[in-house]
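First chain A sits with chain B, and in the next complex the same chain sits with chain C.
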Partner chain A sequence: MKLAEIAEKLDLTVFSGENNLDKEVTGGYASDLLSDVMGHAKEGQIWVTLQTHKNTMGVASLKDLSAVVLVKGFAPEADTLKLSEIEGIPVLGSDKEAFELCGELYKLLG
Partner chain B sequence: MQFEYKVEGGDFTMAGVASSQVKKTLKQLGVDSSVIKRVVVALYEAEVNIVAHAYRGVIYVDIEGDGIKLKLVDEGPGIPDVPLAMTKGFSTASPSVREMGFGAGMGLPNISENADFFSIETQVGQGTTLQIEINFT
Partner chain C sequence: MKADLHIHTVLSPCGDIEMTPVAIVKNALDKGLEIIGITDHNSTRQAPIIKKIAARYGLHVLCGAEITTKEEVHVLAFVDGLDKLEALQGFLDQNLVKVPNDPVFFGYQLVVDEDENVLYQEDDLLIGAISVGIDQVAKFVHSLGGVFIPAHIDKKANSLISQLGFVPSDIEADAFELSCICDVVSFFKSNPHLSGRNFISSSDAHFPGDIGKCCSNLDICDFSFASFVEALRHSAVDDFVKN
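Let's turn to the complex of A and B:
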């Protein structure tokens, strides 16, 4: 499913990367531990987290993830947004908690 | 092909820069993507370890026809108990580092799982040298 469709169906805020929403999402990974994501997330997945700092962009780019979704209404830091545009990895957001958002994502992608 | 990257302890804004450069180089060289993925995981973890634990360090990258050799030499506190440091979940990272989602005790295991060869030499009070080798085929 395309990122744009997911963003629309789950009513996600698009903080950055509006031009990259045509990416295909292959699945999802939820974790707030960067090494866990480094070790186990897979290319094309959407990453659900509450980490807002720019190292998330570094990890997402190195792992070729499709996007990052911040939960619980968190917003990305300014340098995260800057790096997001450079790396072409959109940062999205939701007011929902991770459990709830993952459930909805799983229904869409599963 | 050889590269060198300097890494400053505590500077998380630059963490991952060397990994990103090496990834780009390997892509340009047409290295298999499954191999690049393993290099990226191992190098990123080793790079972040210098940022999180050492005062400073240097990453030496040596790309040859059949593989990549990474040597990460840091000046830092060293590792008093290497087997313990290798245990999944064990970490000595500070609370502020953990809040960022680092220091989960998964770094060294991630390196070990993705490397074809991996060694740690360490001297308490002086520093640590990691050697990582990953074959292209």
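Let's turn to the complex of A and C:
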């Protein structure tokens, strides 16, 4: 499923990377430990987290993730947004908690 | 000067009940330490009492805290003088996510005087996180003229690397701390970009017997906060000492 369709169906805020929403999402990964995401997330996945630090962009780029979704209404830090544009990895957001958002994502992608 | 810059007290819930000011000073002297850092979780309140006792024995004390950032990264912060320490404490009080401590589960959080009397208990659980991100914590500590050191970055939990995946190249750290159990050779094999940065080794002691288990031999002749800051600029793994 395309990122744009997920963003629309789950009513996600698009913080950055509006021009990269035609990416294909292959699955999802949820974790707030960046070392864990580096070790276990797979290419094309959408990453659900509450971490807003700019290192999220480094990890997402390294693992070729399709996008990052911040939960609970968190907004990315300014330098995270800047890196998001450079790396071409959209940062999206939801007011929902991780459990709920992951459930909805799983239904959509499963 | 042999410096162990990461020591917990009875104020940290995980700190042993024996980690009283008097016991910490005695053990530090027995281990031949000349500088100690008092770094309770998200609180500075035990440090000045220890500094006062230690001064009688010529043991230098750096007052600070081990702060848990929003990302749950542990970082050491030290400032110079009681006014700055008060400002650091105010920052922690304002930003700590407040949850009441359950002493039976987490351990007691006590402030103890030089005669081993309990002055008071800290009610808010200190091992939680503050609501401020790591870069902003670094900025705040530096705005006080203080020192900012990401703690035990080699560890698999609550370290800069475990929480944020890797060390951001622009992080404003005065040094990085490695734990006593760190295999330095393999650490630098995995993190080659960190060679040339400044490193200290400290015990993260929660029990009296662990004080000074490992430490750093800092290049300081005449101790002052300024000479400590200057020495950190040269601190390296060659200065690590194991006891």
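Keep this in mind: the second predicted complex is superposed on the first by the 110 of 110 C-alpha atoms of A that agree within 3 Å, B and C clash if a C-alpha of one lies under 4 Å from a C-alpha of the other, contacts with A are read in each partner's own complex, and residues count from 1 in each chain.
Keep this in mind: a residue touches a chain if its C-beta (ideal position, glycine included) is under 8 Å from a C-beta of that chain, and two chains touch if they have at least 3 such contacts.
Not measured: the values here are computed from a predicted model.
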| item | value |
| --- | --- |
| Clash-or-fit label for the pair chain B, chain C on chain A | clash |
| Contacts of A:Met38 with chain B and chain C, given as first, second, both or neither | both |
| Which superposed partner A:Glu100 touches (first chain B, second chain C, both, neither) | neither |
| Chain B versus chain C as contact partner of A:His53, first or second or both or neither | both |
| Partner chain(s) touched by A:Glu18 [first = chain B, second = chain C, both, neither] | neither |
| Which of chain B and chain C A:Ser61 touches, first, second, both or neither | first |
| Touching partner for A:Glu5 - first (chain B), second (chain C), both, neither | neither |
| Steric overlap of chain C with chain B in the superposed model, located at which of 189-197, 207-215 or 225-233 | 189-197 |
| Overlap of the chain B and chain C footprints on chain A, listed as residue numbers | 33-35, 38, 51, 53-55, 58-59 |
| For the chain C and chain A complex, residues of the former touching the latter | 71, 133-135, 156, 161-166, 168 |
| Parts of chain A lying in touch with chain B, wherever the complex brings them together | 32-36, 38-39, 43, 49, 51, 53-56, 58-59, 61-63, 79 |
| Touch list for chain B against partner chain A, complex | 12-13, 15-16, 19-20, 23, 37, 40-41, 44-45, 48, 100-102, 104, 106-107, 109-110, 113 |
| Interface residues, chain A side, partner chain C - complex | 33-35, 37-38, 51-55, 58-59, 77 |
